[in-house]
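Pasting the structures in now, so scroll down.
Two complexes, one shared chain (chain A), two partners (chain B, chain C).
Take a look at the complex of A and B:
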């Protein structure tokens, strides 16, 4: 069942069109940076964008930072929202379940498929970012050393290790989104409804983050620690928000996936 | 259940009562005043509610006093420390040594060294609980102090003291300080303007480690592609103090000049008052004074009087005196009442340039 879902994911043109669109904006930004050589002022624009002017090595991270606030979560919400609701919408869910396929087996396969999409999207954005960074942006230091955010030198091994950690962190952050989309997908027969519900939740989180009156809520908001992967490139690494982000997304993942499983295995499937 | 446990854990920890430490307010103040050498590292969050106009003269002060700042601290002593103001997009770090300061800005890749300045505008290090508390409690008298209930800050049981300045010129109503009773290290400071129930400035450690940070954390080795530049002066106050042909008065608006470091005496710039009451006097050239006057004139609530162009921003008042030669003027600013600034402006109105 898992294999079937994975093959379906990889064979769908929609998967690759979505990933191609995810890469379009960072690529455009790289072209503009290469042509104009103008980086954002301190405190503005996505992280790492000023640094990539002199060293393209960090462009995978800049690319992730560009798509992380909006495009990546929207893509994940669409794919996650479609998992169960999409089958219901096209009327295939009933047939799947009478085939017979166990409900737990089906939802686990859907979960694995959504996780695979998140991983694929993050890795492709990073790889395309690396290639674009190498082709269009600065060559950096011949030794391969890169300036950390704190102004120390990081060698190529450290950069590779921290980049992998950052990719893992971004993937986990997006899995929280995927889990919510999957949960909503078990509640409705409308894939678009589940995706929009997820996006609405994330927009609400972002709005509350900017509101002083919502101070007490902020540590629990799903988008609160998304950009904390930048802290992995400080020296010494600032683990505080990274650890909190991992715990928070882990909690969301457990709760949402648990609720999705509980709801799906007990609901009346009528479509 | 698991989610509830995760959510509830920090609140349960904070709800445990904090035992009373047997220290009088004067003893807490003495401990705080001698805490500059306490080695530690930590993570500070500061919140400012003072909306300083965005003007070149004030550089980063608007961000410092009007926004939330996240700051990482490595403190090996009063003359060996590093303070990072971290942002989602990068960070600005200050590395301090007795002979000077290095400032690193990630986004621009700039590393700039300046020599030690006897006077400068506030920077990130000044909103750390330690620096802020030592400044606020400096010169406090027993009658101005009262004890506060202890509270837990950054996991440590902290003793509290409240200061209510008795100076008539003060615009600060009170400052609450909580410090570690063993080392005297201030862990939290809340400063309230008169009539306000929320702090105008609050600074607290969210994490603190009372062991000495490694020497490598406070030294700066430029990364590849970075040129370290040298600047003559650190900001407008330092530049004016170094080059302006004035001698600041010894006393202004009834406030005595604040004692600085004797090896680095001030000249043209004056700093007056004690504790949280600070009055700053800075002679400005026309090219600095004129845009500042224009900026203040555009600020809501501006006061245009015979004393000059001024704004009152909660506990902070700013005034630029009327034009002198070629648009120059005196900047008077500080945590004093607007009447104090008017009085100071009248006292310096006849101050003449001199070279000595």
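Take a look at the complex of A and C:
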């Protein structure tokens, strides 16, 4: 079933349109930077953006940092919200279930396909970022060494390894969003409703994150550790927030996916 | 093939399906009739395990549903509330995906399986367009094709000829009869009486959630034991047949005598002219209407008496 879901994902025009749109903003940013040569002052704006003017090899990370807070989660909410509700809307859900595809099996396959989408999107954003960075932005140090966030220098293998780690971390960061979108998708037959509900939850999380009075809640907010991937480029790597971020996403995944499973396997399919 | 006992679905206080005892036997073409909102679709969905029953038991091919869904449903083909497909994919791609879905599906022979059902339902095998460009009739054929993919022993079809032109209806009817001759049991839910009349060997009628009729088609629409006469000499005929006369409406008389030849003989030997004579037959519409109104009267009566059913 997982294979079928992946084929469906890859053969959907919407998947590729979404990914193309994800790439539009970082590319626009790169073009503007290349044309004007005006970067944000160090310490302001998205991470890595001030560094890419001189070194285009960091642009994949800058591109991820640009899409991570809003574009990527919205895309995940849309694709995840489609998972069950979209099948219900087209009426194909009932035909899958009488095929028969077990309900547990179906929901797991859907979750896997949403995660596959995130991975695909993140990789494409990184690759496009790399190409754009190489073409438009600075070449950096000829030896390939890059300054870490801590100021020491990282060689190109280290950068490659850490970039891969960062891609993995960003993908894991989206697990909570994906599982929530899937959960809402089992409650409603409207894919848009499920996506908007998920976005609302993320907006709430972001708002609370900026509120001092919500201090006690903050370690539990799904968006709390999203930008911790920057810590992977410190020297040595600062694992604390990365690990917490992964654990937190794992907890959200368990709770939301468990609820989605409990709801979906006992519900009347009337679509 | 299908057997339910006391099958009930309650939505709050409303009983959408109320103690239905269905009995569909192997080799039947079973017509499941009922007005819109009578609970037909809910029943079909419960049979297939999509909607979970509030009470009662379901047996499909001898096994309990929805418990045995994973072993029973592969032998069942279904068309529920209209066909559905991914609009951006072609009919062929849709069928391949469906063929690949679920446990224990084989890649080997997929192309041949898909090609054969496409041909069976009369779709164009060379059509590469997305389903979004299909007409309603083509979608209906595609839905039927996906129901046939696994060579099912039992077909559960909800309004299978919906949206088809007369030629298409004829083709699908022939296809279903052919499948039935080859041993497929067919459960056909419909509100089209004529369709059921032409196709089915057994009929069940659902009225406001209750199964009010379940019988062989032949028994339901057979002769009533009366004779219908049309004569231009109606006045004399009424006088002659008074004792047996059931009703007289203009030149049309209904006589309580199953032997139409004898009735004809009496009229003709008395010098009366007969335009038409023959046994009275009920059609399905009358059966359905009679059963429904009877049920309604019975229920109203219960309410009148101040008795509330549990």
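FYI, the second predicted complex is superposed on the first by the 271 of 271 C-alpha atoms of A that agree within 3 Å, B and C clash if a C-alpha of one lies under 4 Å from a C-alpha of the other, contacts with A are read in each partner's own complex, and residues count from 1 in each chain.
Quick note on the criterion: a residue touches a chain if its C-beta (ideal position, glycine included) is under 8 Å from a C-beta of that chain, and two chains touch if they have at least 3 such contacts.
All values derive from a computational prediction rather than experimental measurement.
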| item | value |
| --- | --- |
| Fit-or-clash call for chain B and chain C when the two complexes are aligned on chain A | fit |
| Which of chain B and chain C A:251 touches, first, second, both or neither | first |
| Touching partner for A:1 - first (chain B), second (chain C), both, neither | second |
| Contacts of A:220 with chain B and chain C, given as first, second, both or neither | first |
| Chain B versus chain C as contact partner of A:16, first or second or both or neither | neither |
| Most chain A residues touched (candidates chain B, chain C) | B |
| Contacts of A:145 with chain B and chain C, given as first, second, both or neither | first |
| After superposition on chain A, the shortest CA separation from chain B to chain C (Å) | 29 |
| Residue ranges of chain A in contact with chain B within the complex | 39-47, 49-51, 54-55, 140-141, 143, 145-153, 220, 227, 230-231, 234, 236, 238, 240, 247, 251, 254-255 |
| Residue ranges of chain A touching chain C (in the complex, touch as defined) | 1, 3-4, 7-8, 11-13, 90-92, 94-102, 105, 266, 268-270 |
| Parts of chain B lying in touch with chain A, wherever the complex brings them together | 2-3, 6-7, 43, 63, 72, 84, 86-93, 104-109, 111, 206-207, 217, 220-226 |
| Chain C - residues contacting chain A, complex | 45, 48-52, 69-70, 73-74, 76, 78, 80-89, 93, 97-98, 100-103, 146 |
